[in-house]
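Labels for the chains are A, B, C and D, by order of writing; each one numbers its residues from 1.
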Amino acid sequence: AGVLTIARNEDSTTFDPIKSAQNVDNWVFSNVFDVLVRVDASGTKLVPGLAESWTISDDGLTYTFKLRDAKFSDGTPVTAEDAAFSLIRIRDDKGSLWGDSFKVIDTATAADPKTLVVKLKGKSVPFLSMMALPNASVLPKKLVEGAAADTFAEKPVGSGAFSLVEWRRGDRIILKKNPNYWDAAKVSLDGVEWLVIPDDNTRMLKIQAGEVDAAITVPFSRVAELKTNPDLKVISDPSTREDHMLINHEHGALAKKEVREALDMAIDKQAIVEAATFGLGEVAYSYVPKGALYHYADNLRRPYDPEKAKKMLADAGASGLTLNYIVNAGKETDEQIAVLVQQQLAKAGVGVTLQKVDPSQSWDMLVTGDYDISVMYWTNDILDVDQKTTFVLGHDTNMNYMTRYKNDEVKALVEAARLETDPAKREAMYVTLQKLAKGDVNWIDLYYSPYINVTRKNIDKFHQNPLGRFFLEETVKN
Amino acid sequence: MSAPVSTQRVNRTLIAGLVIVGGFVLAALAAPLIAPYDPIFQDGAARIQSPSLAHPFGTDNFGRDILSRIIYGARVDLQMAVIGVFFPLVIGTVIGAIAGFFGGLIDAVLMRLIDIILAFPFLVLMLSIIAILGPGLSSFYIAMALVGWVSYARLIRAQILVLKNADYAVAAVSLGFSRPRVLFRHLLPNSVAGSLVFCMSDAVLVLLSGAAISYLGLGVQPPTAEWGIMVAEGQAFLSQAWWITLFPGLSIVLLAFGFSMIGDALGEAMGVHE
Amino acid sequence: MSAPLLSIRDLSVVVRGDQGPRTLLDRVSLDLAPGEILGLVGESGSGKSLLCRSLVQLLPSRAISVTQGEVRMGGRDLLALSEAQMQQVRGAEIGMIFQNPSSHLDPLMRVGDQIVEGLRFHRRLDRAAAKAEAIALMGQVGFTDPPRQFAAYPHEFSGGMRQRAMIAVALACDPKILIADEPTTALDVTIQAQILRLLMELRERRGLSIILITHDLGVVAQTCDRIAVMRQGRVVEVGDKRALLARPAHAYTRALIASHPSMPVTNECSEVDDQADEAKVASLPPPSAVPARPLVEIDDLHIRYPLPGGLFGRRRSFSAVKGVSLQIRPGETVGIVGESGSGKSTLARAMLGLTPIADGHVTFDGVTLRGQPRVALAKIRHQAAMVFQDPFNSLNPRLTISQTLTEVLRVQGKVPSAAIPARVVELLALVELDPELAGRRPRQLSGGQCQRAGIARALAVDPRLIVADECVAALDVTIQAQIVALFQRLVKTMELTLVFIAHDLAIVRHLCERVVVMHHGRIVEEGPCAEVFERPREAYTAALIAAIPDIDPERRLLAPPVEKLAS
Amino acid sequence: MHRYSFILMRPLQFVPVVFGVSLITFILVRMIPGDPARVLLGARATPTAIANIRAQFGLDEPLWLQYLYFLRNLANGEMGMSIVYRIDVLRLIGTRIEPTFALILCSVLLSILIAVPLAAIAARNQGRPVDHAIRFVSTFGIGFPPFWLGLMLIMLLAVRFPIFPVSGYGETLGDKLAHLVLPALTIALSLSTVLLRSLRAAMVDWLKSDVATAARARGMPESIVFWRHVLPNSIAPTINLLAVNIGWLIGGTVVIESIFALPGMGQLLVRAIFSRDYMVVQGIAMVFACATVLVNFLADIATVAADPRVKL
């Protein structure tokens, strides 16, 4: 029982799920809304949400969801009509940020109040995983339709475990237990408050002072110290976050595979793990993060060998290489890594010019190819690896995540894997992809890192799954 | 003549101020000679060490020697203070002098411009300019110059407005001196005292603005040693490694102290109050 | 002499400074009888103010202290009183009025409240009673509408009114002694006469004893019973007014009397070797006999200043000069007199093209300013120069005297640059400035020295016309006399045309051939000096002349209040 | 009466200022490289999605047209839609306006409460050890980076000795004040030193002035001399200094807001700049500009009220 107060570093932007693509919003959407299909706590399985069960037609084009008896927080029942409306809305609404991702849906109709039938335009294995996106939550049709959407975004009604009481912008979001939630009996908390405390120090001081029950996004540098505090519990949950170094394949010597290999060998990832994550992370070796589906644990790991790297560069005619490194301003770890990489590459004879730019601008520079290297990260938001694979290797319109990496064999394989329904075959295909990407050094995998959160001693079961969802319906405040 | 006691005090304040600022200038000039380590060298084995004989001010999370970084930082911070004040001073003085001296339409237009800049949120300008030009010192200087001249222009204009009716200015006109000569040779030298005093506290403001920008993540390029960014980055280790923030923080405070003392002494000597 | 009300014995005051202690007052002894007016005269810095301030223990700095002596009043030694006891003496027994009423009245407090403040503190009156009393007092000191003026702020008053307010504040607690520290130095002669008359009336009515500080012997001669002469911290001579003026014992007193401008011209103190020059001038034909073209010709001149305020762009303006016509012939010495604010400076500036002209014409040597501004200005800048009232503020404080002169010579370009240093030396000699002073800045010079530098600067232009705007008003009488003598000499030797502006008629009478009287922006009278001063045609002129305190105590200062007559 | 006639005139001068600020902001924020649509869409951005967003917010129109739209909206009392928050900018600002201005108000009051008594003590003991001590501390106080000072205050007065809350903003008035103490103190510690120095200098001058001498000469005790004559005269010149500093504070509180997690406009502004939420930046710039202009206006009125000689 009791109200759980959680300190985080940023405020939500909206309560209309289709209008946001940010974690800050998704993490609250999951509290307030519910989806047809959920990803379980381990982040590896799809489990029933609002849909009790589902069937897939043999041609893989028709999905039939059987909805459970659930109610929205205002007491009206959740119907297949609402579900169909929500799917069409995320695909077609002018304000939707997800239109492209849901284009594969052809029709969504309510066969009866509890049966939703979705027809796809083409076969898509990842489709079911997409249903678990908080952005695809089921919304009450009559409250969202037409002009009501704007009001709804501030006074949302959902079928999640909690419902919104008040949103004090910039300060906190106050949620209370939703008595109409289909699994309400299991929910222990009376309510949840998401507080905004942007400064890392203040956030940590806030929980140390006992003014909040939990604080999320704990800086790695703080973990050791917080662990010594007997009133606190530091929780480390595996995540799908992977930090990697983008390489612009179109820039001079970087087009040569040997040069990229040399760079991979010139970077001491273990040192980065030590310095930037204080040993909490783990050296990465595949673009598919550890703990995610189809992760290949035996992928190639090039040893750290600056001497050899130097030689390889000389052999490739690229000694005296100087690289333009775009650093995202205001991200502490990114700046730390930049400084470290600069020093490491110097040992291999590679000069690095750091160029710090505001993160919104760095996007533009990466897109236009106005860079040599830059560190970015990716966190999966759906269970299936296809999404990331397509973005990173599938010759997507975004130039393979701005790296301009080109390999037609890889591209064909990405297409094939998307349509492969046999899990074993599919896994094999993704293993191959991981090997090929590593071989080509599409980018340099740096490290995997966990979600680090901290709670007061009296809080139990405060967990995130690798996709980031908090399971507050299970959390207990003693 | 009339107050021997206060003359002595002025001198003491001035000397104390000059000693502090001069000390930093020396440290900056002689940095390669006196700094015990390379300021950007990272010693993986010596991360976050508390002050010791080997590292008198301790090391930071990269194992860089804080003392050396402070010494090298003096170069950047003094440069920031000087350039961050110099351009506003020059631009503001010229504009203020012209507005005050010529009056009329020029004055009216410049005054409206000043009103606009005063009403313009400093942060929007600062962050926009830095975002447009990219983080770094030159963007910082440009932003400071675009905003900072206003205070000087107002000070100088007010002075010139008074002085241009002073007898010696009228005398200069009546003796057939040209207008630029009257303005630049007679009026300006007599009106800059207030600005020179203000300079000193302005230098402190510049350093603090720099630190604030670093806090917002748009400070100088890493791995440059600069006090503001050292404090801002060291925040993460505030409770476990106080020395990472304390020493650069104290350096800012001390340099600011030196500047204010010089400003005080100048003000008292020239009979101007801020 | 009856038993003294206040008796000062062997009072010494010392300032501790960098170079050890310096004695500012040296064993001063003085007595003040009940109902007596004691005049305290002496050059600037002689310790007059200090003496009075030590009576009430209000020394100007912590470094200054009384080292010996006593001040007896009603059986007590004032110097031995505690601060709390002293507060009862100040205001209640000894009231003070100061030289500069503008800076001594609190600008943020209504005048009436400043009077009330003392009444409530010393006499413990309640608000209403105090207010009534204050209004009565304001009436006594000559306010015309006390109930309304009670609520006015000091800046809304003229200088004379402010001085009256100051007096009312001092009288509020009915003191036995009033110390008036140069109460009229900043004021017009006409206002000065009113204030002095007020002080004498108060003495009659209240039986006040007054110590009147001044450096104008004329003021003393007109008002005081006894005179004390101070010099360098000592009282060099004390005595009954008539006796002292008639038979000054001390050389300094004699010098003071001699340099008083109201002394007849024949008694003049100018150097003996001027005789020769004077002879030369006398041999020249009178200027009017030469049908020369006027050097300056002013025709129906109007000058307006914009006034601040004015709602929605309706600009209001104030006419400082309203239709003045005047001709000045080469070689003439013309005096312009008139009360403060009558437009003298404005006219002078207009003559030199330093002020925009609203209407009318100024012609300099045949070129009109409005017709051919460029030519005229170029001509004026080359042939005319101005000497300013304030010797310190008219010199650029950052430049040394020789830098100042050099710059003028260079800009004017009349002297080849190689010859400039020599010319500087020559100019300094001309104004009798020690060449050693050339390297100093204005702040390092005395007022008289600065004023000489100012004149040298004007001469550097090698002008035909010099306009001197109140160039001696701020100086001591003795220095005044020197500067006037210098002008006389220069005019005679250099064929200058001189326009001499002053509100002190005595000096003008001394120096000029012709005088122009201005009032409220108009010329009210004009003519040869001797004529105008002997037989003024206008009442205003007569009032001005009558207001000059003569050093001869028998020529009483009895003229009626000027404003009422003239306005 | 007449002295206050500027109150009628002055608002006319606001117009060019507000117009100028809007134009400069408009141009400036659009010169920043980076596309709001891309920021909004994040890593998964696709060209069609970007084009869609740009069209929705009119970002594909020519600049001058966008500015005209902005002006037209402004004339209707609207400021457009936030790209990130998807609500009306004025409403968004409305939710964030209170903490910022409450913070500024508290800081200014606190600074005055600190500065006036200390300046009085220092000036009345000029040259004595107390004076030196106060001047020394105040000179030192100027150089502290506020974010550092703020954290130190939190550690001391909220964690070590839990007197005040660590961060945030309350709901009831008392609660809000409690939350505002530490941030206001952080600002006041530096603002008050500026005021203190100026006030002390003025007081020292006025204590030596003729006005004070005249008051003493009529037997006024030192306390009356100080409180009735010296203090009012010293305050007048400080009003302007205070106004200039409030001008700096307006829009300069972001660091403090961030440290103390105050849900104010400063934070919103910085986020908006970083995410290129043009409309929000414009809106806040306008609000700040109006506030600054208003503060100066009030300062003018205060100056006129404080000193009967002043005409504007």
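The working rule: a contact is a pair of C-beta atoms (placed from the backbone, for glycine too) under 8 Å apart; a residue touches a chain by one contact, two chains touch by 3 or more.
A quick map from chain label to UniProt name: B, D = Peptide/nickel transport system permease protein; C = Peptide/nickel transport system ATP-binding protein.
Because the structure is predicted, anything quoted here is derived from the model rather than measured.
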Shared chain contacts [subunit A and subunit C, defined touch]: B, D
B-C or C-D - the one linked by more C-beta pairs in contact: C-D
Most distant chain from subunit C, judged by the mean position of its C-alpha atoms: A
Euclidean distance of C-alpha centroids - subunit B vs subunit C, Å: 47
Separation of mean Cα positions, subunit B and subunit A [Å, integer]: 44
Distance between the centres, which are taken as Cα means, of subunit D and subunit B, whole angstrom: 21
For subunit B, residues that touch 2 or more chains besides their own: 5, 131, 216, 235, 238-239
Junction residues of subunit D, two or more chains touched: 32-34, 127, 151, 155, 258, 274
Per-residue overlap in subunit C, given as positions that touch at least 2 other chains: none
Pairs of chains, among all present, that meet the touch criterion: A-B, A-D, B-C, B-D, C-D
Subunit A-touching residues of subunit D, taken from the complex the two chains share: 32-35, 38-49, 52-53, 56, 84-87, 92, 95-96, 99, 151, 154-155, 158-159, 162, 165-169, 258-261, 263-264, 267-268, 274-276
Subunit D contact footprint on subunit B (complex, rising order): 5, 9, 112-113, 115-116, 118-125, 127-129, 131-132, 151, 201, 204, 207-208, 211-212, 215-216, 228, 231-232, 235, 238-239, 245, 249, 252-257, 260-261, 264, 273-274
Of all residues in subunit B, those that touch subunit C in their complex: 2-5, 7, 166-168, 170-178, 181, 185-186, 189-190
Subunit D contact footprint on subunit A (complex, rising order): 11, 13-14, 16, 19, 21-22, 94-95, 97, 99-101, 150, 153-154, 168-172, 195-199, 201-202, 205-206, 208-209, 211, 330, 358-361, 363-365, 367, 376, 378, 387, 391, 396-398, 401
Footprint of subunit A on subunit B - complex, ascending: 40-42, 44, 47, 61-62, 130-131, 134-136, 216-218, 221-223, 233, 235-240
